[in-house]
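Got a structure for you, questions after.
To keep things simple, chains are lettered A, B, C, D, E and F as they appear, and every chain counts its residues starting from 1.
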Amino acid sequence: QEVAAFIQQESSKMKIQSSVTSFTDKCFKKCVSAIDNGNLSNYEANCMNDCLNRFLDTNIKIVEM
Amino acid sequence: QEVAAFIQQESSKMKIQSSVTSFTDKCFKKCVSAIDNGNLSNYEANCMNDCLNRFLDTNIKIVEM
Amino acid sequence: QEVAAFIQQESSKMKIQSSVTSFTDKCFKKCVSAIDNGNLSNYEANCMNDCLNRFLDTNIKIVEM
Amino acid sequence: SIATEMATAYATSLVNSLTENCFDKCILQPSSSLTSVEENCINDCASKFMRSWNLISKSYIARINNP
Amino acid sequence: SIATEMATAYATSLVNSLTENCFDKCILQPSSSLTSVEENCINDCASKFMRSWNLISKSYIARINNP
Amino acid sequence: SIATEMATAYATSLVNSLTENCFDKCILQPSSSLTSVEENCINDCASKFMRSWNLISKSYIARINNP
């Protein structure tokens, strides 16, 4: 029982992390053009955040159609 | 026996559906440029059909080489 | 024991082949522009080789960070 | 059941492909909320995509049956 | 057998990659049948791709053995 | 253990995504060795990518908890 709960918890943690990697991959391509230094500019950080949230909005609209 | 046949049938249905999704993905990118309304224009419909069939021709040529 | 060794050996062969296919896919897109004949030009062959090795360098740098 | 699991896996990959394609076509510059232009575009895009899916499905099955 | 299954899975992914790359390079505007230009292009593309595969394979194995 | 295997699979996919993105952004024309410009670019790119990953992770979890 505890083992099953542990596996399920780990597995959903992994699903979230794998989604985060895939969103980062997509929004990094969209929001980061030049690599001038290792920090995120304000523009890039806002773009990443908007990119994630509009992607999730798009997903929700399509599921609810 | 019936269960095995059912699973195999369902499984080949799923393989076809997953191929259809992957072909649609590829040809949609190639044939649809502007989203002006929800219908497929004649041009887009012909392009989708030609895109699928030429993709399958390419696949056959490569397998037969 | 022998069966397990055989499976492991085959499985690592397959992993290498699947990596080779994925590197070829990536570097073919980068190095081959026009299809004028079936041979690799010197430029293309050098580019494929450099592309593979710089990709592996990038991978190593990132893992060691 | 196995059939349900396979159908779920399939539906997930269709929804993912729809979302990717319509996000790429409709959200060129993501802003702080979906604009009405973007919302209409997503609706039209999803409808165009599903019509394309049906067309490809018919053509593909026709070709499998008459190679 | 397991080895056959693995080899089949591997060959399928190679054929898929060949088909994707050569379709993208050779069929810019799909028409109602393959033209002879497109057919020649597919032949040359597949041959270029397989030569690339062999070159990458040799270089990769050389690098694994002498890191 | 299962948790270790899942964590390894996950780390592999993150490293793959980092490598792909930073190779694409930093190595425009591969040459016979990494230049110092390319090396700096890979460092900065990886750092930008990991900061992006952390930002997306926070925003995504916030959104899951307050849909």
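Structural remarks
Quick note on the criterion: contacts are C-beta pairs under 8 Å (C-beta built on N, C-alpha and C of every residue); 3 or more make two chains touch, one makes a residue touch a chain.
Small disclaimer: the values here were computed from a predicted structure and weren't measured.
Between subunit C and subunit F, the least number of touch steps comes to 1. Chain pair with the larger contact count among A-F and B-E is A-F, by C-beta pairs in contact. Subunit A and subunit D have Cα centroids lying 20 Å from one another. Look at where the CA atoms of subunit D average out and do the same for subunit F: the two points lie 28 Å apart.
Taking each chain's centre as the average of its CA atoms, subunit A and subunit E sit 32 Å apart. In this assembly, the C-alpha centroid of subunit C lies 12 Å from the C-alpha centroid of subunit E.
Residue positions of subunit B touching 2 or more other chains: 53. Residue positions of subunit E touching 2 or more other chains: 20, 26, 43, 46. If you sketch which chains touch which, the chains form one closed loop in which each chain touches exactly two neighbours. Ring order, beginning with subunit C and continuing to subunit F: C, F, A, D, B, E. Within the complex formed with subunit E, the subunit B residues making contact are 26, 30, 47, 50-51, 53-55, 57-59, 61-63, 65.
By the touch criterion given at the top, residues 6-7, 10-11, 14, 16-25, 27-29, 31-32, 35-40, 44-45, 48-49, 52-53, 56 of subunit B touch subunit D in their complex.
Listing the residues of subunit D that touch subunit A in their complex gives 15, 18-20, 22-23, 26-27, 30-34, 38-39, 42-43, 46.
Taken in their complex, subunit D has these residues touching subunit B: 2-3, 6-7, 9-10, 13-14, 17, 20-21, 25-26, 41, 43-49, 51-53, 55-57, 59-61, 63-64.
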